[in-house]
C-alpha cells in the first residue's frame, strides 16, 4: 500500500494533489465531474476585498505547449466568497485554501482578516505574483522587502497558516523565498505564471486584450522544476509545486525536485478529470520508481 | 517587390535572418545544406579567451515544445576562431557577428580586443546571459551596473559595433536594457535561454549533467515577444529578436513587437534548411499581412 | 450532465471553401444535446480544446454533425482527421436556444458565415414541432455558401453574399424587409452582424448565440465573460450562454 | 552528402518485446548510406529529432531498415506510424564502420540490446566481401531477442541473455572465450558493456559505436562530445563518430 497522505502546516492532506488557483473556479463546475472529496485540497480563485470584473476579453490565448491568460483577478469579493462559495465546498471532505490578492498592503490585510470569519478555510495562499493587474499583485512578489512586508502583515492578522505564492518573473527567487520565510510564511507555493505576449498577425494586435498575460502549461514546467529545486535547497518550509503538471509522472518530478505537494492548473481545461486521474495513477507511479509513500519521494532528486 | 534589406549599426543586411549563436557552430556543417551567402548574417558560437571544453554530457534534453542545453561555452578559443573559423566563413557574402563571453571583465575585454585583429567580423554580440557556466556569463546580465560596466569596457577597446545579448532571467529587463544603452551599446540581442531543469524519473537525476540548462524553442516565444516589445518601447537602439522562431510568421511577430532583425536557434536542429526557407517565405508573409518591406513592419504591433 | 467521450468520426467532407462537415458517432452526448449547445474538442495535443457548435444531432442514431471553417492551427489539424479516427470530446456544453414553453408560429433564423451551423439543428427542431421556419444566411461569397438545400427543406431560405456573387448582394440586415411576419428571431454570426441586427430588431424578441475565446469551456476560469446590460453584472458565455436573450447582453 | 528526405514507410512490425522493425523507402539516402551511419528522424512535432542506426540497406531497391526499442515519447510515437505514412529524415549521418582498406579474414560482431541493429548491416557487408563473421548478441531476456536467424545466416551466432532465459546466461563478455580466432571486433551497445569489452580485449583491434543525446546531429551544437584518450581533445559523436577505434576514446 502506497501512502499518499502527508501533513503540511494547517493541512492534513489525503494526497498531495490540488487544483491550482484560478483554474478550478470555486469548485462547482468540477463537482459535476467527480467527487471533490477525493482531492487533497482545493485552492480557490483569488479573493479581493471587493468584487472585481477583471480585464477585457479575449483573456486567453494558446501558445506552444501552453497558454496565456489575463483574467485580472475577477471574483465576487471576499465576503461573497465566504458566504456563498465556501459553504458549498465545505460539504466535501477536503481542505480549502483561499487565494488572497490585493492592490495595496491594506487590501491584503483586509482580505486575510475576513477569512478569520469562517472556520471552513484551512489555509491562505498569499498571491503576490499575479502578473495581470495594474496595481499590486506582482509588485509585491518581485522585491524581497515588499514580499516580506506583506507576509508579515498578513501573518499578524490571520489565524491561518500562510503559503506565499511566488512569482517566477524575478532574477533571484531564492532571496524572495528566504525573505518570506523569515517574515513568517508557513509554506511556499510556486510558480505563478510567467509574463508573456503573442501578436495576432492579421490584426497586428496582441491576442490578449490586456496585451500581456501569464504563461502556464507544460511549456513552463522546466522553469518551475528548476525554481522549486533551487528554493527547496534554501528554505525549511514546505513547497506546493506547480507549473505544467499533466500527469502523475510530472507530480513525482516535482516531489523529487523538492515540492511536498502540487497544484494542477491549466491541465484541468484539457481534461476536467485530470486531478482525479492523477490521484488514481500516483500510487502506481510512485511504486514503479521505488517509493512507498509521497513523503518518501520529497526532495529525493539526486543532484550530486 | 518586397524589400527585405535593412541597415543596422555596422551591418548591411540583405535580409533580417541570422542563425543564433551556438546553434550553427561556425557554419561549416550548414554550408553543406545551402549557400550561406543567402543569410543576412551569421552569429558565431561564443568565443572565450582560451579553449574551453564545456560541461559534461548529456548536454541537451527535450522539453514540451522546447529543449534544455548546457553546452557550457565549448569553443576552441578566440585566436583559433579568428585564424581557422572566420576565414572559412568570409568566403560567403554575408555579415559575421562574433559572440563573445568570459568569466571576468578582463576576459571579455581580451576577447573583444582580439577581434580587432581581423577585418572579417562585422559586429560583436556581447553574451552576458549564458546560464550554463559557473562564473561570469549570466552574472553580468542580471545586474544593470555590471551589465553597463562590461558594455563600456568592451566598447572602449573594440572597433566594432556591440550588440549586447540580454538574459530573460531577470525581474526587470528594461532597466538592464537602458543601462547598456547608456553604456554605449549599439544594439541589443534578446533573448538568451531561460534557466530550467528536468528530472529523469528512473535515475532521479537531472536529465542534463550540469543539473540546469537553458530553455529554448517555441515554448519561450511568448516570453521573448513580451520582452522585445517592452524593451523596444524603452530604448532607441535596434533589437535582434530571438526565442522560438520556426517560420516566417514568427519572424513577422518579432518585427511587429519591435525587433529589427531576428536570430533562429533551436529550429536549425529540426530543420537544417530553416533559415534558408524562412528567407524564401518572408516576402510572401510580409505581403500577405500588408507590408512592402521589413523596415515597414518593425514595431508595427498595435498596442493601443 | 456534461460528458467526456471518445467519438468516432464517421465521415469528413468539404462542403464549401475551407468548410468541413464532420459526422461523429456519440454514445452519451448525443442523447442529451440540444440546439445551441456546443462541443469542446481536443485536437491533437493542443493546450486548449476548440469549441464547435452542434450543427445537427439525431439522438436515436447517436450521430452528431459539426460544421467548421478552417481558421487556424486547431481547425486545420481537425480537418486532417479521417473517418474511423477517434476524437476526445467534452459536451454538450452551454445552454442552448430556449425551446420549451415557447409559442411561436413563425421563427426567423439569421446566420452569418460560420454562425450558420447551430441554426440548422435549431431549425430542424422547430420544424418537427410544426413551427414555420424562415432563414437568412449570409456568406462572404459564392464559394463560402453551404447547407442551402438543407435549410430550404426547412422553409423559405434567403442567401446573401457580401459581394453579390450568389443570392442577394449585401448583409443579412439588408434583406430583413423581405421577410413577411415572424414572432421571434434566432441569430448567430460575427459580433458586428449581431450588433447591427439587434439594433434593427429592437421591437422583436430575439436570441443570439455568442463566441469568445475559451479556456475551460465549463464556467470555471472566467475567460469568456460578457458584461450584461444591467451595468454591473456579467455572464459566462460557455456556461450561461452561448445563447442569450438579445436584450440582456451588451455587444 | 547529407540529405533531408521524406521516406515512405513500407512496413512496421514488432519483432520482440517493445522492439519494432520498420522498412523505409528512400530516394537519395539509401544510395550512399554505409554500415554504422544513422538517420535523424523527425517524430511528430517533437523539438529534437531521434537518432536511429541503419540496420539494413539495399541501395538498389532503396530500402532501409531500422530497428528500435520503444523507450520514451519519441520512439513510442514512432512505433505508432503505419505503413504508407511518410517520415521526415535527415541522413546518412556520421561516419560508419571502416570498411575500405581492411584485410581481416574473420571479424567478431558484439551487440548489446538495441546496439545490435547497426551490426546487421555491417555483418552483411562483410559477408558480401567474403569475410567470415561471428556474432555475439546480448539481450536482457528471451522476449527481447531479435534477428537471431538473420545473424545466423551470416555466420556463427551466440545469443546471451542476462537472466539465462534464452541462450547462454550472462553478459556478452562471458562468452568471449568461446570464440576461436578473430582479427578485429566491432561492437555497439550500452556504455558499461563497451567498457567491459574494451578492457578485456585490449590486445585486439576494435571499433565501437557510441550513443549520446543529440541536438543537431550534424556537428554544429557541441551537444554530443566525448573526450579523447590523448587527454585534451574531444570528438563529436554525431559527426566524428558514432564509430570510433576503441583505443581512441575514453569511456
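Residue numbering begins at 1 within each chain, and the chains themselves are lettered A, B, C and D in the order written.
In the analysis below, a residue touches a chain if its C-beta (ideal position, glycine included) is under 8 Å from a C-beta of that chain, and two chains touch if they have at least 3 such contacts.
The structure displayed is predicted, hence computed values, not measured ones.
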**Q.** Topological distance between chain A and chain D, in contact steps
**A.** 2
Q. Can you name the chain that lies farthest from chain B, using the mean of each chain's Cα atoms as its centre?
A. C
**Q.** chain B and chain D: spacing of chain centres that average the CA atoms, whole Å
**A.** 36
(Q) Centroid of chain A to centroid of chain B, CA atoms only: how many Å? (A) 34
Q. In angstrom, rounded to a whole number, how far apart do the mean CA points of chain B and chain C lie?
A. 47
Q: Quick one: which residues in chain C touch 2 or more of the other chains?
A: none
Q. So which bits of chain A are touching at least two other chains?
A. 63, 65-66, 217-218
Q. In their shared complex, at which residues does chain D touch chain B?
A. 1-2, 4, 42, 46-49, 73-74, 90, 212-227, 234, 239
Q. For chain A, which residues are in contact with chain C within the complex?
A. 22-25, 28-30, 32-33, 45, 53-54, 57-63, 65-67, 69, 71, 74, 217-218, 266, 268-273
(Q) Which stretch or stretches of chain B touch chain A in the complex? (A) 63-66, 68, 142, 169-172, 194-199, 201-206, 211-212, 215, 217-223, 225-226, 229, 244, 249, 252-253, 256-257, 289, 300-303
